[in-house]
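Structure incoming, see below.
Chains here go by letter, A, B, C, D, E and F, matching the order in which they are written, and residues are numbered from 1 within each.
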Amino acid sequence: MLMGSPLAAWCIDRQPYYKPVGREVELFEASWQRRLPLMLKGPTGCGKTRLVEYMAWRLGRPLVTVACHDDLSANDLVGRWLLDADGTRWQDGPLAQAARFGAICYLDEVVEARADTAVVIHPLTDTRRMLPIPAHNELLAAHPDFMLVVSYNPGPAAREMKPSTRQRFGALALDYPAPEVESQIVAHESGIDIGAAKLIVGLGIRTRRLRGQGLDEGASTRMLVHAGVLVAQGVRASDACRMALVEALTDEPSTRQALEAALDASF
Amino acid sequence: MLMGSPLAAWCIDRQPYYKPVGREVELFEASWQRRLPLMLKGPTGCGKTRLVEYMAWRLGRPLVTVACHDDLSANDLVGRWLLDADGTRWQDGPLAQAARFGAICYLDEVVEARADTAVVIHPLTDTRRMLPIPAHNELLAAHPDFMLVVSYNPGPAAREMKPSTRQRFGALALDYPAPEVESQIVAHESGIDIGAAKLIVGLGIRTRRLRGQGLDEGASTRMLVHAGVLVAQGVRASDACRMALVEALTDEPSTRQALEAALDASF
Amino acid sequence: MLMGSPLAAWCIDRQPYYKPVGREVELFEASWQRRLPLMLKGPTGCGKTRLVEYMAWRLGRPLVTVACHDDLSANDLVGRWLLDADGTRWQDGPLAQAARFGAICYLDEVVEARADTAVVIHPLTDTRRMLPIPAHNELLAAHPDFMLVVSYNPGPAAREMKPSTRQRFGALALDYPAPEVESQIVAHESGIDIGAAKLIVGLGIRTRRLRGQGLDEGASTRMLVHAGVLVAQGVRASDACRMALVEALTDEPSTRQALEAALDASF
Amino acid sequence: MLMGSPLAAWCIDRQPYYKPVGREVELFEASWQRRLPLMLKGPTGCGKTRLVEYMAWRLGRPLVTVACHDDLSANDLVGRWLLDADGTRWQDGPLAQAARFGAICYLDEVVEARADTAVVIHPLTDTRRMLPIPAHNELLAAHPDFMLVVSYNPGPAAREMKPSTRQRFGALALDYPAPEVESQIVAHESGIDIGAAKLIVGLGIRTRRLRGQGLDEGASTRMLVHAGVLVAQGVRASDACRMALVEALTDEPSTRQALEAALDASF
Amino acid sequence: MLMGSPLAAWCIDRQPYYKPVGREVELFEASWQRRLPLMLKGPTGCGKTRLVEYMAWRLGRPLVTVACHDDLSANDLVGRWLLDADGTRWQDGPLAQAARFGAICYLDEVVEARADTAVVIHPLTDTRRMLPIPAHNELLAAHPDFMLVVSYNPGPAAREMKPSTRQRFGALALDYPAPEVESQIVAHESGIDIGAAKLIVGLGIRTRRLRGQGLDEGASTRMLVHAGVLVAQGVRASDACRMALVEALTDEPSTRQALEAALDASF
Amino acid sequence: MLMGSPLAAWCIDRQPYYKPVGREVELFEASWQRRLPLMLKGPTGCGKTRLVEYMAWRLGRPLVTVACHDDLSANDLVGRWLLDADGTRWQDGPLAQAARFGAICYLDEVVEARADTAVVIHPLTDTRRMLPIPAHNELLAAHPDFMLVVSYNPGPAAREMKPSTRQRFGALALDYPAPEVESQIVAHESGIDIGAAKLIVGLGIRTRRLRGQGLDEGASTRMLVHAGVLVAQGVRASDACRMALVEALTDEPSTRQALEAALDASF
């Protein structure tokens, strides 16, 4: 359907593995019907990105992902002039491309972006759905299929979005999956059996209780999958968890000791 | 009328939906008659941008909107040289374009702009109505139909404008519409009936009471419309309000609890 | 006289309306006779810019005005190389142009400029009256008719000039005009009668007493003219003053209340 | 095998001298089998870089090393447009090159990099293993042989990685080798006999006890090799150790005295 | 002698008016004989720049003056590549030009320069007298007639030079001239008689006693000349001194009052 | 030997005058034999640079010197693309040039450099002796004759090197020469007799006792030579020392008084 389109490379060809944890799929779809801008909130590695990939596949739209950071400028999103043999040539940035051709544009960790990045999305989240591109002397009207999704992790140390930005989005709060579901995910993604996965998930849950007590974040589902992957590769479970969880979570000696104790208790 | 003009893309073709909340339309028109620079003050999402769109449509002038931010430089407004096959080519920025061809130029959230942006508008707000463009070696006299409008949100955490900038503008203070009017807006924009809209507006008003007590801002009219849109899409009212209002307003647990209580009381 | 000159656009064709408030015209002329650099000090909107325009007209010299700000670099004043079809081409900045062809160069709000801007004017304010332009490999001797004028507003929050810059200028302190004169100005500029102008000026004077007590600055003559303009447009005097004075002066509730009381007392 | 490949220059031709200190080789290989991103933690000069070189040689993959620092931008890693006689030409940065052609990419001292550098590796450490290159309008899928390794030194003064970055890696903690092994390394690398090497290693171990008591770090294996090298060159052992260890470790007089005492006790 | 030289524009054609205040001429000449780098210290406007001009004229060397500031980069001094129709062309900065062709290079207010500017002069102040120009791939040996002079004002608020820079210079401390000499200077430069000049100098000396008591600096000789110039133009002495001294020295009300009192006492 | 080489300009043609103060020449040579990176520590002007020049001459290698500072970027050391008539052309920076053609590269005051400069030398100080040049897509293997020498002044106010950089160097601590040697140096370099030189050196030693008591540094050997040069030029010894030592060392009145007393005691 999108062959030859400039967005072809951004299409999701295979169904991403995704286990719903609540009504997030239904609410995402409702937002999509009216192109309501969406904000996904939740801890690192709880599946925000995977949800967006799954929904893009389900809705049959290409997905343009931008990982936000301190040095991401508005121009990085909107586009810039390139110097060419025949002078300058305009090149759309990912946001302009998504708006022009009708993709879901996903700004990952949007609070990390600079102020100008946040402001650049304002007119796209108005009823007018426009993207002014002053450098290109253009007022780009978004494609009817364009939708904007942003994510962030609202921890105590997180930067805050300005209300004038934040109020433009409907928001879904996500969290780690329930133990049963998470064990299935770990088993499926790493290739170990469900019993071994449950042990790893059990340790993961213990690390999450240390959140705020030495750890900024507990182990993400992704880390539990890493441990499973090492086990599937023949590494002993305790070594795998030390490598994928303990050492990866902290350098702080006392926290590490607490994690080692949890590790001992688990295997 | 403006076909072929470089400002054609900035014209407002259809009458924007706007419900006056006071005498703002009359006072805007009086300012327009004498091209008095205008400053709109009010909370996020109370309708400042919509008012400007409505007035631009009513006065039949194109509207050049610039969302201001920390990295918006004077050059972004005034223009720059682009490299071309034949050397360099001057490109007006949005402010210069508006001044040259006679548009209403709207600087949204002007206090977010850097100091140089603020200063660049000074000579345009003098009786001489000139825009010096040193890089282009030009002293641009504004078109007779040029008018400058700026907006900002004067909350306690807001940056301040310098008096030397601020004193160049007449100022209109706007606020959220009265409940009756706001309910009509929500119903009209989302497509739900007036009864459901009133419930949502009631919850919105409750959130505004939390301003300064956990919230920087209460729910904007825009957020109430979002909730209505989700309801119109078949989402349960409480889920819609949780998504469009509660989660979108705060990450702070105790404030969220207060909002959930208000949510329970509303439905 | 200056037709065809690169400074033609900067000439003042019509006599600007200016009411002297002291001996500033005489002292400006004495400075001009010997090209003594001049510094104008005074509050926002008291007429510094208008005085310079008037003197430029009276002395028959073009006036090159630069509004200073944080991002104004020495290059913006002195000039830069532009890329052209045939390589690079030098373009004088406004200061170099004024020095080369003999204009009055007016640096408005000079304390807002960066340190390098201030230093760049040093050799022009020496007895040698030279402008070194390293990038152009040029030591430009100023035209005999070149004169440098700077202005600033010495409020308590103002930045300070370095003594080594400041001591290069003779200084004139300006202030708001006397009530009689100010009423004439308001009436003349807005087109209302002298009685209505006096009422507005009276309110303006009351706001100036709040300086340092909630207001950084009182209402400028410019703001009083704004109020007059709205009245001339058919707006009620109290509405006009609320828009042009009260709302434009402050967002702070208690100061606003004080201003509203002054408004009530005035009309 | 890689002749003619753009990565040919990054291949390790000769087996690097490496003495394992634990199970790091086995665990590195398990990570490699599944391309699990790897983080090496440990003090300065304990052999992190050497381990990566050894593994790259052992696995037969080219090794692209990037020393991270404050000014390393995302573009330095990803690539940029170069101006050419025929216009612009895209040049992959080291990370893009490694991802495109299948190398181990080693980001040394990754915590020194700016935030944008850290974020740029996120999509490469997802299951999708993609590198979006907005400037090149490309979504680069990593080569099956691409693997990412990062290192850092988790001292008390070290910067912290953000959890959202850190949780993408399995982590191996390394330390200085045991005295026997370290003596063999010093003897082998410098060309002195094992007895002299043991004396130097003994002094090195003493310096490590001063860690946190005047020294940020004790002497690295590399420094001990330096001392051995000087001895092999005919320098007296005490002079060699003063030059390679004492003076190189500190400028602080009292710490230096403690080190001189350790030096006297050793020879 | 220097006609056609790239330094021709920097020659001092007419003998600058200079009244020695001590043995500075003799000591400057001794430094010149051996090209010892020289540092002039003293308050604003006491005649440092004039001394350098006088010595350049006396020694028959061109004088390349650079006013230092925060944004002056090493490249501004050393040179840069310019883009040309035939590619890039190297352009010496003022320091490189002075070193190449044998001028006195005078860095005015050198402490205002950035660190890199200070360091760039180090190799020129060594016995080797070289200027490495990495960007031009050149190691420029200074012309035998090249000499480096710097100045600064060592007030309490002044920035400090790093010892490694400072120790490269011989230093001359200058101060305001004695009253007799200063009166002659004021009379000569402004064209007023010696009696009127003495009155102005007397007031100037009084202002200098306020140094550190409200004033960062007292009135410079230059300011006294300004006052004389206005008197010569027919302005009353008290008005001239208010404009050239009082208003130019301070905005602070109590200091201004003290200066007004001194003014009243003087005339 | 190096004629036609790109390093020809960096060769030391004449034997620099150097008086050894300890075993530094022997230890430098031992380091050279094995190309051990070397760090020279010692106060300003004690002869670090002269030692490197002497050793480069003695070893017959060209010497590429870079004075480090805050704005020295990694690109300044490594190289950059220049725009040419035929597109871009790569130009090695001094470090790349030294590594490519086999010079001693001397980074003077290395702690003044930015973090990225320090990191760029890491791979050159490994056993692999490589310089990755990402912008040139090159992994440059250092010439067998390449050696890296850095210097810095470890005063109490000095910046610290990161251990990971510092541990890559052997270190030599240098100090001022003994009085006998220093007097010979002063006499030789300035052309005065040994008796006069001894008086100056005596005063210099007194100033060094004020280190930490008003002075950051005492008088360097270079300053004593300056005083000798002035004496040789016919200046009275006390005037020469006031100019070359007292005024050059401090602006602080009480320290100056102490120095004046030392001056009086000396002559």
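Here is the rule we go by: contacts are C-beta pairs under 8 Å (C-beta built on N, C-alpha and C of every residue); 3 or more make two chains touch, one makes a residue touch a chain.
Bear in mind the structure is a predicted one, so any value in this text is a computation, not a measurement.
K.L.:
Trace the shortest sequence of touching chains from chain D to chain E and report its length in steps.
P.N.:
Tracing touching chains, the least step count from chain D to chain E comes to 2.
K.L.:
So if I look at the partners of chain B and the partners of chain C, which chains show up in both lists?
P.N.:
Joint contacts: the list comes back empty.
K.L.:
Greatest Cα-centroid separation from chain E: which chain?
P.N.:
Max centre-to-centre separation from chain E belongs to A.
K.L.:
Any idea if chain A and chain B meet via the same residues, over half in common, or different ones?
P.N.:
Under half of the interface numbering overlaps between copies: different.
K.L.:
Any idea what the CA-fit rotation angle from chain E to chain F is, to the nearest 5 degrees?
P.N.:
The rotation relating chain E to chain F comes to 60 degrees.
K.L.:
CA centre of chain A versus CA centre of chain D: separation in Å?
P.N.:
30
K.L.:
Can you check how far apart chain B and chain D are, centre to centre, with Cα atoms defining each centre and the answer in Å?
P.N.:
Chain centroid spacing, chain B to chain D, equals 52 Å.
K.L.:
By residue number and range, which residues of chain A touch two or more other chains?
P.N.:
83, 86
K.L.:
Select the category (line, ring, star, complete, other) that matches the graph of chains linked by touching.
P.N.:
ring
K.L.:
Following the ring of touching chains from chain B through chain C, in what sequence do all chains appear?
P.N.:
B, C, E, F, D, A
K.L.:
Which bits of chain A are touching chain D when the two form their complex?
P.N.:
6, 9-10, 44-45, 49, 53, 65-72, 76, 82-86, 91-94, 97, 108-109, 112, 153, 189, 216-217, 219-220, 222-223, 226, 229-230, 232-235, 239, 243-244, 247-249, 251
K.L.:
Which positions of chain B touch chain C when the two form their complex?
P.N.:
23, 26-27, 30-31, 33-34, 36, 39, 41, 73-74, 81, 83, 86-88, 114-116, 118-120, 122-123, 126-128, 132, 134-135, 137-139, 154, 158, 163-164, 166-173
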